[in-house]
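Here come two complexes built around chain A, the first alongside chain B, the second alongside chain C.
Coming up: the complex of A and B.
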């Protein structure tokens, strides 16, 4: 590597950070969508779907992301399904995140009083209207803290995708150190700085969102 | 007859909750259902709007059978538009202000325009003295205010019948009064009211008929005067703490 000063490392980390942010936000979006749909399926005890969701959550929460990525990236081509490392990362992280989000949002739904949903039924509201106007808004505001945690977790989990050669922050850091051991300390500092630059604003945005949609004293 | 119940039976597993219930409710009248906790009063109400499925018997709204076997949700939605319900725990939607709580049903279930629903809500809130709370959230209201909003929310749907399920049970005495006054104001407006309550004074003053239940059965149907001053059954006399006459015991 033709790097003479520490400052030459900065563009590399900027590009790697952009990759991390792009993969993370896309995965958070899909994970959230999966979580929302699956938690509603769990709530309504949709017969077959319910078992599928349970099996899915059990699998993705209880196996390392590294291995999941490895299987999708190196395993699926054996059956002629091939993705590049970007697509593959998004698929794996969305599925892991979806499992976590399902549980988080489901616990939010469960916290809504059953009396309230019963009176909605007594009013003649359809299931669809109950989901849109009562269940989703309340479940999200109850579980926003857990959703925030999962989002931060997923962003850090992007680093596991170095195993499938995604040029994200940790991948680049290891690559540089592999060539230039004398740069270990500056690389470590830049790695930490990159994560803080991504995650601190993200945490701030989520806490803003949390304050905005949170309404105090549930059911009071 | 506005609502007719014939030979209704309902069990939860092996526990018989309603046993051969027969009841006639006239249009525009106030029926008060009384009895000990767990006697089946609330379950009976919940059968009337399909929140509970009955095991046997029939319920007719006017002359239409509403408890057909295997009726789907759409069928009950039509019935629930006509039979409103107010419950003990108010169950206002906590993330919506008072106005939104009230217009959700009219807009989504009855498909009325927002303008019309809002006008209706404003008028009803005025009537119960809560005009200034229109943009308040449920957490900002007292129990009595919440319950009055809950009643208005039911009225917004223009029901023919309203079921009140122990609506004052969670309130302190001052609030009980403000809520009961609202219910009383609904009398003589053509609305049929079915009220499960422990408020004796209210029952005596407002009811057209008192239905007394014990252990899943209706044991006495009478006028308030008769029920409170000369109840005919031992169960009712026990409930009212009246001396049990040997003559009644036979």
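Coming up: the complex of A and C.
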């Protein structure tokens, strides 16, 4: 890298931001799916599944993501299960996110009044219809704030995947500073700027989404 | 020969405990400081003094939106580069986690104070209490009780997040287990130590954080039934 490399840094950070956004969206999607399915399993108190979900949620909420990532990336290959850093990041983040989402959506389900559930049963709604038309829409609307918070948390958590060599923003920042300490300040500024460029629009969109969904619930 | 690495872990266990001590130390110091500063910040955020509120709000958002890993790295490399100091990872981690925790607790306290019914402020003033007495005798006891579950929850998050300090060279539990893994590989390249060691670390962190989570849920139930 030569001296005018401050401008050469911008494409590097743009690519790194793209990686962050891609990993984050994929993991948020899987985390949301896991959360939805598991919270419905908790609602129906499916015997074995229920204890599995509880154990899963407790485990992932109470261990550091850094060590989960190390374990999947460096530990599992010893028992012949190997992933590249992209797959590994998506797996770890989806599982962490799934645990948080399960808890969030389940507390949304619990907030639905039992009255409604009894009426639905009395009207002869099948379990499937009850889930699709009654539980899911209301639970999502109640827990939308927690769901968007978890999504932002997951996006930030992508930076912890630096340690398993995912070429995201923080990884690139450390790599550049390792080569050129004189670029410390531009790199620090670009790192923070990249995150703000991702997170500020995201939190703006989420707050609009929240308002839309809450409006759908309560009407005008 | 495949080797599970358990013997290496047993041999290196005293070192691992030193690392645990470091982890707990950083978490505990930052936690205590965060509680102290957090309550102060919460009260400051409620003073109707616009410039102060805006500055604190911006700082809160900065600590919320930017991951501690970036703060650690900006302060660790940034301070040493700008002021030509040799930054100590231990001190930097305590600073970062204290700031992070203080703003989190500050926001909890602020949220709770502003949700208190207006008449409590007015009645205490009408009774002739001054501001200091109002906070000390009326508001603070309620705030302490109500925010305890979230603060205990923050402690678990703090303990989990301290594993990041290994990235700026602090000899915490994670850093030490990585050096144990390296030495074991050097002596025996077919060892399974990275599997066993990281599994052990996951269990150790779980054993510390899970009771705290249970405690937080327990207190929350107690508080909500008050």
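Going forward, the second predicted complex is superposed on the first by the 210 of 220 C-alpha atoms of A that agree within 3 Å, B and C clash if a C-alpha of one lies under 4 Å from a C-alpha of the other, contacts with A are read in each partner's own complex, and residues count from 1 in each chain.
Everything that follows uses one rule, which is that a residue touches a chain if its C-beta (ideal position, glycine included) is under 8 Å from a C-beta of that chain, and two chains touch if they have at least 3 such contacts.
Every value quoted in this text rests on a predicted model; they were computed, and no experiment measured them.
Participant: Quick check for you: in the superposed arrangement, does A:116 touch first (chain B), second (chain C), both or neither?
Facilitator: In the superposed model, A:116 contacts chain B only, not chain C.
Participant: Once the structures are superposed on A, label A:5 by its partner contacts, choosing first (chain B), second (chain C), both or neither.
Facilitator: Neither partner.
Participant: Touch test for A:66: chain B only (first), chain C only (second), both, or neither?
Facilitator: After superposition on chain A, A:66 lies in contact with chain C alone.
Participant: Contact-wise, after the overlay, does A:76 reach chain B, chain C, both or neither (first, second, both, neither)?
Facilitator: second
Participant: I want to verify the contact counts: of chain B and chain C, which reaches more residues of chain A?
Facilitator: After superposition, C is the partner touching more of chain A.
Participant: Of the two partner chains, chain B (first) and chain C (second), which one does A:141 touch, if any: first, second, both, or neither?
Facilitator: first
Participant: Determine, under the contact definition given at the top, whether A:125 touches first (chain B), second (chain C), both, or neither.
Facilitator: After superposing on A, A:125 lies in contact with chain B but is clear of chain C.
Participant: A:157 in the overlay: touching chain B, chain C, both, or neither? Say first, second, both or neither.
Facilitator: Second partner only.
Participant: Does chain B (first) or chain C (second) touch A:133, or do both, or does neither?
Facilitator: In the superposed model, A:133 contacts chain B only, not chain C.
Participant: For the complex, give me every residue of chain A touching chain B.
Facilitator: Counting only chain A, the residues touching chain B are 113, 115-116, 118-127, 129, 133-134, 137-138, 141, 215-220.
Participant: Looking at the complex, which residues from chain A come into contact with chain C?
Facilitator: 58-59, 61-68, 70-71, 74-76, 78-79, 152, 156-157, 159-160, 162-163, 170, 173-174, 177, 181, 184-185, 188, 191-192, 195-196, 199-200, 203
Participant: Quick one: which bits of chain C touch chain A in the complex? Just the residue numbers, please.
Facilitator: Going through chain C, the ones touching chain A are 65-67, 69-70, 73-74, 77-78, 81-82, 156, 160-161, 163-164, 166-167, 174, 192, 194-199, 201-202, 205-206, 209-210, 213.
Participant: Report the residues of chain B in contact with chain A in the complex, numbered from low to high.
Facilitator: Answer in residue numbers: 49, 51, 73, 76-78, 80-81, 84-85, 87, 89, 91, 93-95, 104-105, 108-109, 137-139, 153-154, 157.
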